Every structure is written in structure tokens, then in C-alpha cells.
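To keep things simple, chains are lettered A, B, C and D as they appear, and every chain counts its residues starting from 1.
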Amino acid sequence: MLGYVIRRLVLAVFVLWGVATAVFAIVRLVPADPALLIAGSDASPEQLATLREKMGLDESIIVQYGKFLGGAMTGDFGDSFQQRVPAMDLIAQVLPNTALLAVLACALALVLSFPLGLLASLRVNGLVDRIVTTGSLFTQALPNFWIGVVLLLVFSRKLKWLPSVGLDSPKNLILPTIVLALPFVSVLTRMIRNGLLEVMGEGYIQTARAKGLLERTVIFPHAIRNAAIPVVTIVGLQFGTLLGGAAVTETVFTFPGIGRLLVLSLQGRDYNVAQACVLVIAAVFVLINLVVDLTYGFLDPRVRLAK
Amino acid sequence: MPEAKSAPLLRVAHLKVAYPIRSSLLQRQISANVAVSDVTFDINPGETVGLVGESGSGKSTVARAVIGLVKPDDGVIEFEGRNITGYSRKQFKSVRREMQMVFQDPYASLNPRLTVRDLIAEGWRVHRDIVPRDRWTAEAKKLMDRVGLNPDYSDRYPHQFSGGQRQRIGIARALALRPKVIICDEPVSALDVSVQAQVLNLLDDLQEELGLAYLFISHDLSVIEHLCDRVLVLHHGHVVEQGNAREIFERPRHEYTKALLAAVPVVRPWLDQADEGRHPTGEPAA
Amino acid sequence: MTKTQPGTAPSASPTDAPLLSVQDLTVEFSTAAGVARALRNVSFDVRAGETLAVLGESGCGKSTIAQSIMALLPKPAGSIVGGKILYGGRDLAAERIPAVRELCGTEIAMIFQDPLSSLNPVFRVGAQLAEPFRRRLGMGRREAWAKSLELLKRVGIPDAETRIRDYPHQFSGGQRQRIMIAMALALKPKLLIADEPTTALDVTIQKQVLSLLADLQAETGMAMILISHDLGVVADVATRAAIMYAGRIVETGAVRDMYDHPAHPYTKGLLESIPSQTSIGGRLKPIVGSPPNLLDLPSGCAFNPRCPFATDLCREQVPALRTPTTWPAGHEAACHLSEEVLTHA
Amino acid sequence: MTATAPAPAPAVNATMRHARRARRGVTVRIVVPLVVIGLIVVGAIVVPLVYHYDPLHADLLARLKPPGTVTSDGGTAILGTDQIGSDLFAQIMAGARVSLLVGVATLVISGVVGLALGLLAGHFGGWLDAALMRIADVQLAFPSILLAILVASVLGQGVGNIIIVLSISNWVVFARVARSQVLGLKNREYVEAARALGAGNWHLMFRTLLPGCMAPVIVVATTQFAQVILTEASLSFLGVGVPLGTPSLGSTIYNGTQYLSTAWWISTLPGIVLVILMLAFGILGDALRDKFDPRLRSA
């Protein structure tokens, strides 16, 4: 188990380094001049020169890269060009909001999908199964920005039940949570349904039945525990999609989160902030998947006890 | 029966194969799991040598090493006097024409996306000079007929055949290269008893007709006893006993061989109680 | 199912009522390619303490018998479409699944071919062993654990005190099957169904597992149904056997009677196709052809296309199980030409 | 010796009808989505040609007209007009054309690259495999839409750039599927049999392993196609996708959101087309999965 943990940790660090390098490369190595990108095409040569110096662009690319990595490790991504404050401060303001949103969406998805997936798997082609299968197809087909817009129109503009923008009251969380959770629910439900169906055909389920256990006991814990193992991995991976989806959803609802900060900073060419946003989101994602991998090892003794 | 004077077709001396154990952290090799060590035997033209052992005895590893699917760590493999141990993949290609293999699982060993004709012709695609392309269909049909399959079914896919028929396809594929020796890795253990006998008879007929040599691997002692001239008994990667098949089955010397023979269920145990000579397969020669 | 004649039930002496009596059991599976008739009019009895073997090749339906008795038929594909499974005055074929499961474990238990996939990989063997005690008898954790340990020792797992905390993948194949046996026998069932219990094991391990089963049977007096494809294993373990082909019992009787004087051409063919001392160096006598497709059985006797004795009658009429006058009671074969088969050397 | 070909079953009963229905179901679920996708493709090619659609042509008098309005030049705007007076039907179809183009191009590029790299990595293993998989790990640590947003905003707007961006974030999926499939097949006896015949790397990779990878790759391609179109729409919605003036389903939906309460159709109708397209691909992907992976197929 220790070897497994160490291996996962090393991998996580490596991935973060890779992400940082990729971000650096994307912003610095594209043919365009970052200073020009930031200052805009109408800037004077003097302005550009000052900016280059300020950004350290006059130094060699290796030095720039070293400084960038060093800064990234200490959470120093430079100042925002627009607001003249450290990029990390801006992120610190909005990160908790996104975290709250993501956790709520995740929780909602888990709470909905486990019973739905279970019910669907109990009677294949039954009523619940058909509803779940069709429903999940629909939710996956709906672009989340579009649902967001429609929900806003219906519940805040027409019915005036819920506030539309910002984050002034807990009520502001309701619509974004639903929009973020929807695709997640459909993926998870199908995953649980198919996982359970597969597990129910395994030999140990026959054994459990042959022992005369009630069907309830056959499912809890025998089937569920085994079906949950791949689901845990998917939850981790889907969390990334969820964080990505936050950029769109937060924009639709004008929600003060890291996704919207990223979009705004890109629109304002505030690359220091944009870099920081991407790296922070990637770090969160890597961290969550690290936890997921360790949970996986805990759930499956074959992984934990492998020599 | 082999001619005793001629040079061996295949000579294996002190064969050792180990599978690396890698550290989970850096995937560096930290030690090795010795699958077989110090295995030595010859196969003469037209002869059948049996490798018998339980799971984990390394008998399949020997087969895979001989045909070049795994690299031996030590020892020498000679084919018709040529040392093929260190052959590169390209060099090995010429050996593969002479040496073919029939696999255990008639379901997994045939590419499900190829027709029987294409399965048999696959070897001709690799070795261009055996059969010209325009003769493939005709030759494939001939081979199907030879192994007891209806040549009209040459356009069918493996899943349309039963287990025994698929094993016949596998044999036809091996024969297509016109080899001198065929390595049979548990060729009948996935088959039902009644069908197993058909395949064993087919192998027997082909040997007689084409002068093939077999390296026959099985866990089933009665099959080995039926078919083999000489036998090697493998246990945990070591040869515990080898020699003339009849002798080993009638007078096993090693404790493991004795235990193995004693463990085989006897079809008609009641005959044994009357008769003194206990045979693994029941039915003493009465 | 109108044109087939029901097989006659084996004669039972009135004083000795069978523990389990299967009568005219017929089971169908629906598959994408059509309906497979897995079992047709299968009848047999098992008496307390005896071992009945069900012998047959892959796809003959022998495992379906076990699944039918234990209500383990895959749903919704498989269903019992006719016949009775009588146990303790109840017809299990007619009862609802939960009612049958009540009997599973306490009255009838089962072990399977592949001991690795039959054990749940994510639970300790101790927990799996304790389950019958805890869930069925309502024992406390500690008591159930002690009972499990006792069982583990009984089936010969060395160092049971520590190994009880291990997971299935940490055991060898033979040990896993021992654990399965311990689990099946936990609640002292009256009947054990062993479905190819040693097929996945090496011969030396097979011998140990079979002798363990024999010991346990002598100890508890339970009856056993052994499902196997191995003529040797059947001769070793059982006194009586039913030989199956394409979903029907084609011959049944004392193992020794049948092996020495097979009355069905299939039994005869099976016995002759095994390599034996007399066949060394020579040719075997296989049964020609392949087993039939259960979706499209030949008319008449299902064995007729492979049978050297077959006549027009065999191609038209399904033979019923019968005991001709010269045979010992209880030895029956489903063949129109049994007399000829018997006299044919 | 007869091959055991499936033959018609002797009796018809309830269980058999069930089985037949399940089989027919898969076929229907493949054919119907294909027809729907085909119709949209034909529409996307033909309609803009017939309508002579010009996205930059503004007709302020014809702004925000509801579906069915007769326009000044005598035609009927069957789906209404947008905020600059363009015919919405023509615009949606032109948008679908851009979306489909982006989807197909991305899929071809990322599919070919991913499949090739996955095959190589799976077949040869070693450092190539390790390097490739670490790159994949890094890339999967990016939520792909973030990568797309970042790259798109650096590269600038444009259909070509969108295709590059989406290809970069999609090849990994194909590479991983192909690689894991190859790893699964590699030790199958039929691959060993090909090696025992003396087959070289080329033969093994393209004649033996590649055909075995195709089924899951096709399934993944179906779902990825939907994902790509959706991501393109999202990017256009965020303003980093197709340039202004290029209609895409995403940009049309975005443009319509400001008018939702007054002209619901601008945003809703292209949304519905997008949903229909996504649904068709979703159903198709599921049906193909059922066809190729019978384990999950219900009896």
C-alpha cells in the first residue's frame, strides 16, 4: 500500500509540473508577443518595452520558466494587470464560492444517481430504467449554457422565484447547482446501473444467493461495494468536467467563482490571473483524483494488498 | 517411430526463463520469478515429446520459449543444428516456418474478425513464397478438407463453428506453413471428451502422413500417455523426471510423479481392486 | 412440448422417500438467436446420504439443473416452463424465488466451479463465512466469528486464526474451494449441490478436495448432487449417476452398471473416447460430429446424427427412459435400441 | 461436420418475442439516429446554398420577427429572424454546417493521431508508452474546456483554431482507448498466434490489433463527436470560439440570450437543433455500445 501511495503522490507532483509547463508554454511560446497581447495593438513601443521589462520578458526563456515555476510553487503568479493586486488574492476571493458550488453539485449528483441507478438496474427495461435511460440521454444532450439560460428565464424572470445573478443569498446557489449537477447525474446513474448489472452476473452474487441471503443483503453490501469501485474513479474524473463546466455556468449566472474569473481575465487579457486560475483548478483536480485513487485502494483489497 | 540415428530436429539444453518482477514505484526490475530452469530435451523428426505438469509448473513457458514468444534467460535452443537462441525477430522468421503452434483456447486463439480462409492464409501473407496469392483460397480449402472441415465453409467466421471445429481450424493454420514440428499447448483441454478424441486422432493421422514432430503440452496424464513417445514431468519449473513414456507411467521413480499418477481419478476403480497393476487411466490391459 | 413423451420417474421404493425429487423438469432460455431448450423432462430422485452424479459435456444442461433447484436461473432469460422440484413436501418450481431462497443454505447448499469468482473479492473470508450465521441465525459478531474459525479449521486451512482475516485473492485455488465448502456447509444443509467443484483445480488438489467432501459427507450424512464432466471423478465420488445429453437424461443407474454395460450409445461412446491403456499408440474411438445446437435440436433422439446405431425410428421418435427386462432395477436408458447397444461389444 | 449456424427456433413464445424485440431495438436505435443526423447534414449543406445566406447582411426592418413571418422580399421566414434581421432557419443550418465541420475535422485529426499513438504505445510499450501516458495524465488534469479556452484565447478566434484546440484536447481520449484495447488484445492467443506465424510489427499492428480496436473506438468517436460540437458551442458562447459573423449553433444561441424574453426563438430554436443532434449521437453511441459489448446488453 505504501508503494502505491508514494507512486500516486509522485505522479500527482509530476502532473502538476506538466500542467504548469504546458500553461507556460501556451502563453509564452505562441508566435504572438505576450506584451502585445496584454497591452493591446494600440500600445506605443515605449509602453510595450516597459511592460516587457516588468514581465521579465527581456530575460531568457529558461530564466522566465524558472521564475514562473518558482512563483507557482509559492502561489505567486504575479499581479493582475487590471486590478493591480496579486492574482492569488483574486482567486482566494472566489475559490470558496466555486468549491461550495462544486461540492453541492457533486452531493446532489450522488444523492440522486445512486438510488436511480439501483432502481434502474433492478428491473432492466422496466419503467424506472426507461425513464433513467432516456432522461440521461436528454441531460447529456442539453448544452449546460442553454439550460442555464432557460432556467434563468423561467425561474427568475418569469416566475420570479429565484434571484438571477450574483451571490447574495443561498438562493443564488440553487440554479447553478442544478445546471452543474445535471450532466453529472446522468453519467453517474448510467455508470451505477451498468456497473450493478455487470456485478450481478458475477459468481460471488450467485454464492450470496445460494447462501440464502435476502436479495436486499445480496445488493447491500455484496453488489454495491463492488459496483462502487469503478464509480469512485469516475467521480474523480467527472469532477474535472464539473470544474470546467463551472466556467460556462458561472458566466451564465454571473456567479463570482473561479470559472468566471478565468473567462473575465481572458477577455481582459489579464494573463497572470488566467494562468493562476488554470493552475489552481488543475491543482484542485489533481488533488481530488489523488484522494480518489487512495480511496480506490482502500475499497479494493486487491489493489491495497498487491505486492 | 523416430529413427534413432538421425540428428535431433529440436534440441533444448539447460533452458531457463524468468519473468521480471518490477518495483511498483519506478518500474525498475528488482528481481525475477524463475518460471523454468535447466530444462533439457531433444525432439527427433516424427517424434512426440510430452510436457506434463500442473498449473504453474512452467510447461507453457517452455513452449513459448521454444517458439520465440518469450526470450530465454539462459540455455540453448537448436533447430536442425542451428543455434536459434539469440536470433532476432527477422532471423526467427525463417524458423517459424518450420515450427508452428496450436493453442489451448479454441475461442481466443482465432481472430474473430477473419474468415477461416483468411485465418489459414495469414501465414502465407507473412511468408510470401509458400503459396502464391491466387492459390490461397484453393489451398486453404484443401487444408480444411485435410483437417476434417467442410471446405464450403471457408467464408465463415470462427464463431460459427463449435469448439472442436475451431481447434481443427487452428491445426490447419499451423499446417499452412508446412512445418516440421508443431508445439501443441494443451490443444484438447478445452474440449469435451468425445470431441477431444477426434482431435487427438487427427493429430495422430497428420503425424503419420506428414512425418511431423510434436511437442505436446498437457496437464492430462491420460492424453500424454496415449500420444507421447517420451515425457518430461515438470514441477515448479524443474524437470523431476523424464524418459520413455511407458516406463514413466508404469514405474514412476520420482515422488511427485507418483503422487500425480495416484491423484488421477480412475474411470473404473472397481477393476483396479481385482487387478494389481494400477494405471492412471483405468482399464488395465486385461 | 407436446410431441415429446415425459420421461418416467425412477422407481422409488415406498418406504424410502426421496429427499429431493425432480419430475419432468423443463427449462428454457431466451437468447438473441431464439429459445434454447436447456432441460427437457428431466426426472431424478436424491435420497438422504447418497451421492448422485449428473454427468455430461458442456452445454448439456447439467448446470441448469442446479440453477433451477436453487432458483438461480438468470432472469429474465431463463425460466422453468414445466415439471416439479419436490423438496420436503413443497414444489420449489412453483414457489416464488424468496421462498426458495429460505431453503438455500439451511436445507440445500451449493458450491461452484470457479472458487475465485465465487468469493466476493472485497470482503475478508471471515466476514463471508460468518454471514450465514449472522444473517440466517442472527448470531452475534463474536459468536459467528468463532464459528467461522471452527469451519475454516475443519476444512483444513492451515494457520486459520490469522488467515481468517485475509481476502480471497490471497488464497490458492484449492484453499478457495475449501473456503467455499466451509461456507456452504455452515448451516448443516441436508443436500449439497457441487457444480464441477474441482474442474478449475489441478489433479493433486482435486484429490484432496474430493476426499474432504467425502469426509464431510460421512460426518454429516448429507446427500450430494455432483455435477461433473469427468467420468473418473464421477466413479470416484458417486454410486448413482444420470448421464445427460442435449438437455435430457439419456441414461441413469448405478455408476458401475452403466460404465461396465452402457445401454445408451452416447454413454458407450464417451467411455470409448477416453484414452486408455488399450488405446496407447493406436487410435481412439471418438463420437463423430459435434453436440447439437440447443436452439435447433434434431428431430427424434437428439443423439441420432452422431449415433452409429441410429435407425429411422430414432430420427422420428424421442425415446423415453425405460428399463428393459434383463437389466437391474434403476438402470434406465433413453434409447430405442438399448438391447442392441448392450450386446454390441 | 456442420457449422452450428443459428436456425429459426421451433416455437414462438413470450420469451422469444422479448429476445427478438431486443435485437430489433438495437437496429432501430442505430438506423433512426443515422437518419436524423443525415437529414441535418443534408440540411446544413443544401439550405445555406438555396437561401444565399449572408451572415453579415443586416436588415433592420426585419429584426426579431417571430417564426412564420412574411419578409419584405416576399419569402417566409419559417423560423423567424434574429436581432439583425437574418433568416433564422438559414442561420441555424449554416451554424450546423460550421458545427459539423468542426466536429468532423476534429474527430478525424484527433482520431487518427490518437489511434496511431495509442497503437504504437500499446504495441511497443517501454519508454514510448510511458511518455505518452504521462502526457495523457497531464492533459487529463486539465478540464479540457479550460485548455480550449486558454489556447483559443491565445491563438485568437477562427474556425481553424477551434479545430486545432479541440483536436489537442481530444486525441488523448482516442489514444487511451486504443492503448487499453491493444493491451487487452496483446496477450490474447490469436495475437500470439499471429506472432507465432512470424508476423512483423506492421502486420501485427494493422492487420491484427487495429481491427480489434475499432469497435470501442467507433463508440468513443460517436460520443466524442457530440462532445466536440458541444464544446465548440460552449466556446462560442463564451466568446472565444468562432469569430464574429461566423454563424455556429453556439454563437447563435449566445446572441439570442439577450433577447430571450422578447424573441425566444432566436436562442431556443438553434438550441433544439443542437439537442436533437446531441440526442441522435447519444442514442447512436449507446446502440453501438450495446451491439459491440454484449455483456451490457439486456437479455
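Criterion: contacts are C-beta pairs under 8 Å (C-beta built on N, C-alpha and C of every residue); 3 or more make two chains touch, one makes a residue touch a chain.
This one's a predicted model, so the numbers in the text were calculated from it and none came from an experiment.
Participant: Pick the pair with more C-beta contacts: B-D or B-C?
Facilitator: Output for the comparison: B-C.
Participant: In terms of Cα-based centroids, which chain occupies the most central position?
Facilitator: If we average C-alpha coordinates per chain, D lands closest to the whole-structure average.
Participant: Approximately how many whole Å separate the CA-defined centres of chain B and chain D?
Facilitator: The mean C-alpha positions of chain B and chain D differ by 48 Å.
Participant: Roughly how many whole angstrom separate the Cα centroids of chain B and chain C?
Facilitator: Centres of chain B and chain C (C-alpha means) sit 32 Å apart.
Participant: Would you mind pulling out the distance in Å between where the CA atoms of chain A average out and where those of chain C do?
Facilitator: Whole-Å distance between the two chain centres: 53.
Participant: List the centre-to-centre spacing of chain A and chain D in whole Å, with centres computed as mean CA coordinates.
Facilitator: About 22 Å, centre to centre.
Participant: Which residues does chain A have that touch at least 2 chains other than itself?
Facilitator: 201
Participant: Please set out, as single numbers or ranges, the residues of chain B touching at least two other chains.
Facilitator: Residues 162, 165.
Participant: In chain D, what residues contact two or more other chains?
Facilitator: 1-2, 4, 299
Participant: Tell me, which parts of chain D touch chain A in their complex?
Facilitator: Its residues touching chain A are 134-135, 137-146, 149-151, 153-156, 226, 230, 233-234, 237-240, 250, 253-254, 257, 260-261, 264, 267-268, 271, 274-275, 278-279, 282-283, 286, 295-296, 298-299.
Participant: For chain C, which residues are in contact with chain B within the complex?
Facilitator: 57-58, 173, 202-207, 210, 229-233, 235-236, 256, 259-260, 269-271, 273-281, 283-288, 290-291
Participant: Can you check the complex and tell me which residues of chain D touch chain B?
Facilitator: Touch list, chain D to chain B: 1-5, 130, 188-190, 192-200, 203, 207-208, 211-212.
Participant: Which chain A residues qualify as touching chain C in the complex?
Facilitator: It is residues 201-204, 206-215, 217, 221-222, 225-226, 229, 299-302, 305 of chain A that touch chain C.
Participant: Which residues, counting only chain A, touch chain D once they are in their complex?
Facilitator: Contact set of chain A toward chain D: 11, 14-16, 18-19, 22-23, 26-27, 30, 32, 37, 124-125, 133, 137-138, 140-146, 149-150, 153, 157, 194, 197-198, 201, 237, 240-241, 243-245, 247-248, 251, 262-263, 266-267, 274, 278, 281-282, 285-286, 289.
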